[in-house]
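Naming follows writing order (A, B, C and D), and every chain is counted from residue 1.
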Amino acid sequence: MAPKSTLSADQQAEIDALRGTRTETLRATSAGMEQHLYTAIPVLDHGFVRVIDYMGDDAAICQAARVSYGRGTKSVQNDEGLIRYLMRHWHSTPFEMCEIKLHVKLPVFVARQWIRHRTANVNEYSARYSILDREFYIPAPEHLAAQSVVNNQGRGEALEGEEADRVLRYLRDDAMRAYDHYEEMISQDGQQGLARELARMNLPANIYTQWYWKVDLHNLLHFLRLRADAHAQYEIRVYADAICSVVADWVPFAYRAFEDYRMGGATLSGTALDCVRRMLKGEEVTQETSGMSKGEWREFKGVLEGGRSN
Amino acid sequence: MAPKSTLSADQQAEIDALRGTRTETLRATSAGMEQHLYTAIPVLDHGFVRVIDYMGDDAAICQAARVSYGRGTKSVQNDEGLIRYLMRHWHSTPFEMCEIKLHVKLPVFVARQWIRHRTANVNEYSARYSILDREFYIPAPEHLAAQSVVNNQGRGEALEGEEADRVLRYLRDDAMRAYDHYEEMISQDGQQGLARELARMNLPANIYTQWYWKVDLHNLLHFLRLRADAHAQYEIRVYADAICSVVADWVPFAYRAFEDYRMGGATLSGTALDCVRRMLKGEEVTQETSGMSKGEWREFKGVLEGGRSN
Amino acid sequence: MAPKSTLSADQQAEIDALRGTRTETLRATSAGMEQHLYTAIPVLDHGFVRVIDYMGDDAAICQAARVSYGRGTKSVQNDEGLIRYLMRHWHSTPFEMCEIKLHVKLPVFVARQWIRHRTANVNEYSARYSILDREFYIPAPEHLAAQSVVNNQGRGEALEGEEADRVLRYLRDDAMRAYDHYEEMISQDGQQGLARELARMNLPANIYTQWYWKVDLHNLLHFLRLRADAHAQYEIRVYADAICSVVADWVPFAYRAFEDYRMGGATLSGTALDCVRRMLKGEEVTQETSGMSKGEWREFKGVLEGGRSN
Amino acid sequence: MAPKSTLSADQQAEIDALRGTRTETLRATSAGMEQHLYTAIPVLDHGFVRVIDYMGDDAAICQAARVSYGRGTKSVQNDEGLIRYLMRHWHSTPFEMCEIKLHVKLPVFVARQWIRHRTANVNEYSARYSILDREFYIPAPEHLAAQSVVNNQGRGEALEGEEADRVLRYLRDDAMRAYDHYEEMISQDGQQGLARELARMNLPANIYTQWYWKVDLHNLLHFLRLRADAHAQYEIRVYADAICSVVADWVPFAYRAFEDYRMGGATLSGTALDCVRRMLKGEEVTQETSGMSKGEWREFKGVLEGGRSN
């Protein structure tokens, strides 16, 4: 859980004021999402995700798929069936008809991964104009993972003892010193002060930044499939998990279909499907007779045993 | 004005029912847009534009530009100034934070121009699944323009007399005959019936189609700059004009800035700016001494005399 | 096969001249693609696909994935393994580093499906400026399919006898008449002549248009997965098939991985994977006990029996 | 100028080997670009831009605009006129038919600005898999600018004396210490070693990263207009300037048109055009009578006096 200090008292007061202001609208409204508006979900030690705005709901997906004149719902059951059909057959355009706008506070190294998803709109806090706050991500000890020995991208067990202590000390001390010097460099106390756009280069990648991020539901689900996945870096996965909980409340039918077809599903190659067919006929298939490489075979076995390959 | 037949009684009833359903929301709401929701603006003889949903307002543009915690408004005056600044300096990302979803009914040849704007989401009525209606765009006599003799893209004066009559007769008769044959081909009356995805190929480009079109404000303004322009084909310009009237009610500050900097403005080349400077110093500049081609010079003179070059 | 008349003698001469002009380059060159340059692959009765230009090859995919200084190839075997790994794990960005530019001649109703793939660059022949040719797609009798009775999107058996004759007669006659009137309307023989941008609206959707289409390999493979699929409309599938044959020569490793993981593969939902696991343990699973709808179960059985579900 | 150490001897040898390998091609070839292939242009103290590949040339722009069968050139003069026309009238799609692929080495804080241009393909060196090099951007003393007092985004004069010394000392020492600790944290010398994906968070934003960046000419020119502009941060502007020199050699007609219409030109608002018209008629227009804000008026005067407003 994030400490209470994620939002300042002023910021919390501003947000609370907005939660008190309701207006009438003719637009499609999602009761689940109204609960999330102007509520920050804490993530990591100083970060958050909060919903600023949204467009559409499950019915809007169906309405667009049918290019209908009214709200496009014949029955709730039909809507869920249609949404599952669209998801199963990769008909992505109706999902693009829903949109969400989030305010996210996140470490810079997470932001650098996140921004690689290009089909989205972003406004980031500018370190050319403004002064960044003294807030850095310091991992909790249980997330201080060692380099994986089986996979050069992943993480192994958590570090312990002296090694863990030293890492935390480095991360904390270097961040504080870098920020002290950042402050000194831009200070105008009896001197000119270095341009902010230059001084920021001294700050490490665990400093927090923030942005407004707006994306349609199709592209959001694609982001979530990659970033809520077990292979994603822990520090971005917790943001993806927080967003998953929002989407489940916003468009419950679409989210359930996503869980079944994307998060819980797996894509099998032609070679892998052939192996399944042979196995179902009773053949004992091994890696050697499978036609797969060792890596593929390991992933394939993982899928058959209940894991996820990709 | 469009005839009343643009919407059927059933369609109108569905829409009217939705206008009666108001819900409370915590989201930013634009009073001007609420008036447009579930109201079809007639365009051409059978087409329309109607607003299905929207996200954001003028304040939301500023809120995103400031990455603010609250609604982001210090004062209304500041907001308009900030929006003008953003527009003037091509800071496009805050405008991307507003989104609009339209239901549009339009002739196929207009749809083919429209779809070239790729940064948008589209769900079109499917002529593979469904049967198209017998509705064709037939120009009003005053829009039956001759090919321009000065510009091979544009239009000249309206046709008259016998020539105009013949054109209208061809357009009407060919459309009716093509539709009759379309109906006959897909008919299963004692036969199999041609697949709809094939039969549609007999239909001319003035048949009406419809789609849901969702776009952010930045990309919408870009669309409007090109399609509400005097050089755009009349049949798409009337759609752009209808949308302009919606945007003016939705985000009045952004729309006024757009009118001043984009629609009413002009981009002058370095060569053209040099000419302006020389002219302001009293020099008599001619095409020959301007460094411009004849075409450029004609457009430049147009700008100085109050037209628009591009 | 397309008739020889797809290209005029002048056009063929222009293209032949270009095939004779070779220059030296330092760029990555694909021997397989050089064979395709300036050669039109006939598609349907008057259409074609021809490769205008390309960027990159299999090695370029690996070079980008490794962000390497040289050509990025340690061994050919490593390259194929890396490409399969990238494809299997949806690492799409290295595939985006290859690009292809095609000149395509295609019926308008095919163009309307094709253009829905938005991540591409397009220049279409302008019917505002120019006069379209009298060329229409008329299906071969064996492709004159009836509406499917099991699937409202697909096709059934080919029409026969009188019904087929009537359809062909309608398509041919209506196209010819529409074109005659198009020509008459724009004619300036003793009159003004209707603007081309208006006259084109009389032309049916089986008239041929043409465009330059440029796309990166990742987005091209996505297009091919959807459009070379058995569920795609025949008239776009033949274009996709022609492009598949080009890609196989251009980037053979990437194409083989695409065939195995995308075209020959299938995405199974979490529910479907559970069924596979139960079946492998010897359980007799039926639609009723599967947790799937009838439609899903039918598709699932199709996959297990060697078809493709999506 | 960059020190020779930008590329290692091995890297240089790999690149040199490739410059020796020429193959024949039927594709459009730009003599100016062949000179740039496999040559790194040094930028900042350790960065570079080098051209990996390209597609198209000036003639290809015209060929696409005409959707032509041959190379599309009637005469060189016609080609330049057509390109100027296309640029002047914002016909952007023909420029999208050219593509360039660059390998860029750049500081992370520059990369973070750069990546905001979303319409491009990127493969960045992964700090999850790989270990970053000990290379940091340290500004030359003359670029150690103070915060601007007139514009909170820009830079003022260069710092001097003790203040400059202190800034350089901080930047160097903090970078070295952060890197020492990075190395220690990931070291496996008798311990587990922190996961690379975590250790990187200790590194400051002036560390160098590198990527492959591929973009079409239209989007590249848009990038250059914003980033080669006098208001852009110096550290990204030098990259834009290096790329400008490449583009000038690649597509000289397009680049000249870009210089005249975009870099040397200015967009005037409707209000500003009105003022120009009044001034040309002899009226003395002041800020008070102009209808512009003080900021707009200052920019407008800048344009009339030979600067650039946006």
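Just so it is clear, a contact is a pair of C-beta atoms (placed from the backbone, for glycine too) under 8 Å apart; a residue touches a chain by one contact, two chains touch by 3 or more.
Computed from a prediction, not measured in an experiment: that's the story for all the values here.
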Chain B and chain A are one sequence twice: same or different residues at the contact, by the over-half rule?
-> same
Between 0 and 180 degrees, and as a multiple of 5, what angle does the rotation take that fits chain B onto chain C by Cα atoms?
-> 180
Work out which of B-D, B-C or C-D repeats the contact pattern of A-C, with more than half of the residue-numbered contact pairs in common.
-> B-D
Looking only at C-beta pairs in contact, point me to the busier pair out of B-D and A-D.
-> A-D
List the centre-to-centre spacing of chain A and chain D in whole Å, with centres computed as mean CA coordinates.
-> 30
The distance between the C-alpha centres of chain A and chain B, rounded to whole Å, is 35
Could you tell me the distance, in whole angstrom, between the mean C-alpha positions of chain B and chain D?
-> 34
Going by the touch rule set out above, which residues of chain A reach two or more other chains?
-> 93, 116, 122, 124
For the complex, which residues does chain D have touching chain C?
-> 7, 10-11, 14-15, 17-19, 21-29, 34, 37-38, 52-56, 60, 63-65, 67, 69-71, 93-94, 96-97, 99, 101, 103, 121-125, 210-212, 214, 216
Contact footprint of chain A on chain C as seen in their complex | 81, 84-85, 88-90, 93, 116, 226, 259-261, 263-273, 276-277, 279-280, 293, 295-296, 299, 303-306, 309-310
Footprint of chain B on chain C - complex, ascending | 107-109, 112, 115-116, 118-119, 122, 124, 126, 128-129, 137, 139, 144-148, 152-157, 159, 163, 166-167, 170-171, 174-175, 177-178, 181, 184-186, 188, 191-198, 200-206, 233
